[in-house]
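Note that subunit A is present in both complexes that follow, paired respectively with subunit B and with subunit C.
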Partner chain A sequence: MTGVGYSDLLAALAPETALVLAAVAVLFVDMGLMRSAPLRQRFLTACAVAGLGCLVTLGILASSGAHLRFLDGVLVVDSLTQWVKVFLVVLTLFTAGISAQAEFTEHVGEYFALVLLATVGMMFLVSTEEILMIFVSLELTSLSLYVLAALDKRTRHASEAALKYFLFGSVAAAFTLFGLSLVYGLSGATNLTGIAAGLRAHRSDPLLAVAVVMVIMGFGFKVAVVPFHLWAPDAYEGAPVPAAALIASGSKVASFFVLAKIAVLGFAGVEGSGAWGQLRAGWLPVLAVLAVGSMVLGNLTAIAQGHLRRLLAYSAIAHAGYVLLGLMAMGYPSQRSAALAAVLYYVATYGLTTVGAFGVASVIERVLGNGRIDALAGLSRRSPLLALCLMVFLLSLAGIPPLAGFFGKFGLFTAAMGADPAGLGLLWLVGIAIAMSTVSLYYYLRVLKQAYVVAGDEEASRIVVPWTDRLVLIAAAVGVFLLGALPELLLGPLARAIAGGNGF
Partner chain B sequence: MQDILFYVFAALTLVCGFLVVANPISRSPVTSALFLVLTIVSLSGLFVLLHAFFLAAVQIVVYAGAALVLFLFVIMMLDLKAEERRRITRLGLIGGGLVAVAMAWLFRVVPREAALVASGPAHVEGSTPALGALLFTQYLLPFEAISLVLVAGMVGAILLSRKEPS
Partner chain C sequence: MDSQLSQYLPVLMLAAVAVAATAGMMILSMMLGKLGRRSKAKDTAYECGMIPVGNPTPRLSMRFYLVAMLFILFDIEVIFLYPWAVVYRRFLEHPAMANPILFSMVSFLGVLLVGYLYALKKRAFEWRN
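Our next item is the complex of A and B:
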C-alpha cells in the first residue's frame, strides 16, 4: 500500500462505518433502554434509530465525491459505487419503514442490527474489485439474511423456508468459492483486472470453463435465476415480510452489480458469443441459457400462484432473466456504458417497486392474517390507498408506461438489441423477453382484478394504514411514477457517473 | 524423502476422506467424524511439506480441535441408532455413482489439458510473519470485514437458539 495510510482507508469507509455504528446503537438502545417497554414502542424506537443511521449514511455518501482505489482494488470508491450505495441505503430505509409496525419477533434490536449489517455487506460488495473481499462481503450479506429469514419462529412453515434458504445458500457459496479459487489458480491474481490479464493465456482451458460456470452458478443463486431459484418462492413467502423485501430488493441490486463486475472486468476476453446460431463458449452463452430459463419458467409458473408473495417471487425470477439480457449486452464493448446504465436503472427501480409491493403485502397480511390473492377481494373499497399503491407497483412490474418498469425494460431491451455490432445477435432473447412480458401482464392484472373488481365482504371494515407504512408506500409509489415519467432524473447522473468512472 | 512423505500423507487424506462418507465396517456418524479428524491431520502434514507451518498448525487447532469437537457434540445429541439403521437406497446409489463417474471424467480431462500458473515448485507464503504482514496491509479490509461476519453470526446464533416464551 503505497502512500495510503489507515486514516485514508477509514475516511473512504465512512458510510459503512456509520451504518455499523448504527447497528451497534440499535442493539444498545433496544437491549439497554427499551427492555421493559411494550413491543410496539420498541419497534418504533429501533426503527427510528436505524432510520437515523441510514439518513446519516446518505448524507455522508452525498457529500463525498472522491475517486479512490485502495490496495489493488480491495476498496474502490467512485461516483458509480456511491450511486449504487445510495440505492442500497434508500432500500434499507424503506425496509426499516415497513418494519416499524411489525410484531413478528421480540428480538427487535437484533432484527434491525442484522438488517443494517446485511446492508453493510452489500455496500462492501459493490465497492470492491477483489475476489477475496467479494466473498467475505457476500458471506456477511448472506449470513445476516439467513438469520432474518428465520426470525419468524411462530410457524413451522417459516422455519422450513429459512432452512431451505440457508442450505441452498451455503451450497451456492461453496460453489462460488471453489470457482473463485480455480480462477485464482489459473490467473494468479485476486483483483479483477489482474485476473483478466492472467486469464489471457488460458482462454481455451477446460478448467476455466469449469471455473466460470461455478462462479456464475453461485451468483445465479443470489439473484434467483432458473435453475437455482428453488429457494426463492419459499423464502419470499415464509420469511417476515420486511426481511423478504430486503432479500428481494437490496440483495438483488448488489448481487447484479458485482456479477456484472466479475463477468465484464474479471472474465474480459472469455465472453464467447450468445448470438443465435453462432453460440461460442464463454460466459455469454451461460447467461443466455439462464436468462431464457428464468424468463420462461418464472413467468409461466407465476400464473398458477395463489399467494401474493409467491407470485412476487416468480415474477422476481422472471425479472432476473430480463436483467441478464442487460448483463449480456455489457459483454460487447461498444454498448458497455449504455447497457450498464440500463441495468442499474432497472435494478434500482425494480428494487423500489418490490419494496413497495412487499410493503402493501405486509399491511394486508397484518390485517387479514393471510396473504392469499383471493383475500384481496374488495380491497379498493376497504382501503383505496393500498389498492392504488398495489396497482402502481404491479403495473410498473408489468412494464406499463409511464411507470418506471416500462422505461427499465425499454432500456434493457434496446441495449440488448444494439449490443452485437455484427448484427442483431441477441434479437432472439429480446423476442422471448417481450413475449414473456406480455404473459406477465396477465398475472399482474389477475391480482388487480381481485383488488378492484371482485366484490368482497360487504361488512368488512376499512383498513387503517399506519402512518409509517403510508409514508413508505406513498414515497415508493411517487418514486416509481416520477422515475418512469422523467427517467432522466436517474439516467442522467448515472451516465455521468459511468463516464467519470474507471471504465466500468 | 519428501516425495515419499507426500504420497503417504496424500494417500492417508484420500483414504480417510473416503471412509468419512462410505465406511464399509461402521455406519456410525461418530466414526465418520473421527475419520474426518484423521483427514484433517494428514492434510496438515501436506501443509508442513509445503513449509506452511502456520497453516498446518491452524488446520489442526481450528478444524481438528474446535470445529470437529463441536461436530461431535452435535452428533451425540442426535439419534445415532436411526442413522446406523439407515441403508443406502438405490436412488442414492445411482445418483452417487453418476456424480462419481462425472468427477472421475473431470479429473481425467482437466489435468491433461489445464496448466496452473505455478508449474514449478509451489512457493507458499506460509510463515506466520508473512501472513500477519499481509493481513494488516494488503488484506486489511477483508480481515476487518470478517469481524462483522462474526458479529452477524453470533447475533444470529443467539437469536435462533433461544427458546421463545410462548
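Our next item is the complex of A and C:
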C-alpha cells in the first residue's frame, strides 16, 4: 500500500461509494417511509432517489480528475475508465427512468438497490486489471442481474427466463473461474501485465489453449455471442423490461471492455492470427469463429421473430458479433487505440439505443398487454412520439446515417480493415459483417412497416406516454442522433483518454 | 509438449473409468431391469425393508432458508474479523497503516450493519409471523 493512503483510495472510489450509498438510501426510503404508500408512488419515489444518486455520481465522475494505480492494477482509475463509468451510470439512469412507471413487483426498494449495485459491480469491473477483482466484480454484477431478471413473479414465462439466465450464467462463471485459475497456474500472476509476461514461456502449451477458450467462453456468455447465446432471447423477452434493458446495455459495455482488457493485456503474445487462409492458434481465431457465428445466426434468426424484445435479443447477438471485429482489430498493435475508441463508441451508442428501444417496448407492453410486433399496427397514429423514437432506435441499430449506429459500424469496420499490417487479413470478416447488416435492415424495417404503414384498429385510442418515459425516450433519441451527426463529441475525448492512458 | 500432455494421462484414464462405470451401471440396470416379474412391492423405494411412509419431498418452511442465509452472513463476518484482529496490533506499529486497517474493517462492518438493519426491518429474525 505504498504511497496510497485510505483517503486517496476513497477519493478514487467516490463514484462507486456514492452509488452504494444511493442503493442503501433507496432501500431504506422505500422500506421506512413508503411502506404503506401505493405501488405507483413507491416506484416514483424510489426512482427519484436512485436517479438522484446517479446524477450525483455523474457529477463526481465529471469533476474528479483522479488517477490511481493501486497494487499493480487491483484498482485502475484513469480518464478512460472514468469515461466508461460515465456511460455505465448514464445507462443506469435511463434504466431507472424507464422503471418509474413499472408495477411488476412489490419489492421496489430492492429492485432499485439491485440496479445500482449491479452498476457498482460493472464500475469495479472496468477499473481493475487483476483477475481476482475481475471475477469478484463480475459476480457482484451477475448476482444482482439474476435477481433483477427474476423479480417479475406474475408469469411462469418470467420465472423460466430467470432460471435459464441463472443456470447459464452460473455455468459460464464456473468456466471463467476455471479458465482464470489455469491462467494463474501457467503464469503465476494475477494482474494482467504479469500474466502476459508469465505466459511468454508457455505459448505452445495445450493448457494455455484450454485456458484461453474457457475465459472467452465465460465472457462470451456475458456478451451473448453464438454459441453461448441461448439464454438471451428468453431473458430479454421474459425478464422485466428495465432489467432486460440493463442486461442488454450496461452489462455489455462493461463486459466488452473487460474482455478487451483480458485479451489485449493479459493474453498479449498469444494473439495467433485470424487472417483468411492463415489461421493460427491464439485468441484471435477463437473470436473470429464467435464473430462469424453471431453475425450470421443472430441476423438470420431475427428475421423469424414475432416478438419485439426477442427480435432485439437476436439483433443484440448480431451486434455482439460486430463488436468482436473491433476486439480482433485490437489484437494488432498498430490499430489498438483506434480500434479501442471504435469499440467504446460502438458499445456506448449501442447501449443508449438499446435502452431506448427497450423503453419503447416497455410503454407498448404496458398499454397493449403484449409485445408482439403485429400489435404495433397503427402505432404512428396512436402515438407519433413512440413511433418516431422506435424509428430512430431501430434505424440506428441497422446502421443508417446520420444516426449513431452508422458511425459505430463505420469505425469498427475501418479498424478491422486496417488492422492487419500484412494485408487485408480481416477483410473476410468485414465482408460477412456488411452483408449481414444488409440482412438486418430487412427485419428492422419490418417492425417499422408495422408501426407506420399497416393500418391498425381505427377505434384504438391514443397512447399516453408518461412524462418519465417521454423524458428518457427523447433524451436517448436525441443522444443517438447527436452522437451520430457529431461523432467527434464522443470520439474526441475517448481518443484523448486512450492516448493519456497506459497504452490501453 | 508431449511430456506436458503425458502428465495428464492418469486424469484421462480416470475420466474413461468414470464414464465407463457410470454408463455400464445405467445400461446394465436398464437391460436387467426389464427381465423378471414386476410387482408393486418391487417398484417401491427400498427403505431397509420398511414400508415407506409419507412424501419423499416434504415442503419445508422458507424460514429455514432465511436462517441459513443469515447464518452465512454473520459467519463470514467472523471469518474476516479473526485474522484482522490477529494482525491489528502489528499494523498499528506503522503510523501509515493505522488508519487503513481500522477504516477498512469499519466500512466492512458498516455494510454488514446495513444488511442487519434490513433483515431486522424485513422481520427476518421473527420466527412467528
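Assume the second predicted complex is superposed on the first by the 504 of 504 C-alpha atoms of A that agree within 3 Å, B and C clash if a C-alpha of one lies under 4 Å from a C-alpha of the other, contacts with A are read in each partner's own complex, and residues count from 1 in each chain.
Here, a residue touches a chain if its C-beta (ideal position, glycine included) is under 8 Å from a C-beta of that chain, and two chains touch if they have at least 3 such contacts.
Because the structure is predicted, anything quoted here is derived from the model rather than measured.
Contacts of A:D205 after superposition on the shared chain: both subunit B and subunit C are touched. Number of subunit A residues touched is higher for B, counting subunit B against subunit C. Of the two partner chains placed around the shared chain by superposition, subunit B is the only one that A:V136 touches, whereas subunit C remains out of contact. Look at A:Y146: by the touch rule set out above, it reaches subunit B but stays clear of subunit C. Of the two partner chains, subunit B is the only one that A:L186 touches; subunit C does not reach it. Once the two complexes are overlaid on the shared chain, A:G121 sits against subunit B while remaining clear of subunit C. After overlaying the two complexes on the shared chain, residue contacts for A:D72 are found with subunit B alone; subunit C is out of touch. In the superposed model, A:V213 makes contact with neither subunit B nor subunit C.
Note: residues 1, 6, 20, 27, 205-207 of subunit A belong to the subunit B contact set and to the subunit C contact set alike, using the contact criterion stated above. Of all residues in subunit B, only 106, 109-110, 113-118, 137-142, 145-146, 148-149, 151-153, 155-156, 158-160, 162, 164-166 touch subunit A in the complex they form. The touching residues of subunit A, counted against subunit C in their complex, run 1, 5-6, 20, 24, 27-28, 31-32, 204-207.
Only residues 1, 4-5, 96-97, 99-100, 103-104, 111, 114, 117-118, 121-122 of subunit C touch subunit A when the two sit together in their complex.
Looking at the complex, you find that subunit A touches subunit B at residues 1, 6, 9, 13, 20, 27, 70-72, 74-75, 106-107, 110, 113-114, 117-118, 120-121, 124, 128, 130, 132-133, 136-137, 139-140, 143-144, 146-147, 150-151, 153-154, 185-188, 198, 202, 205-208, 210.
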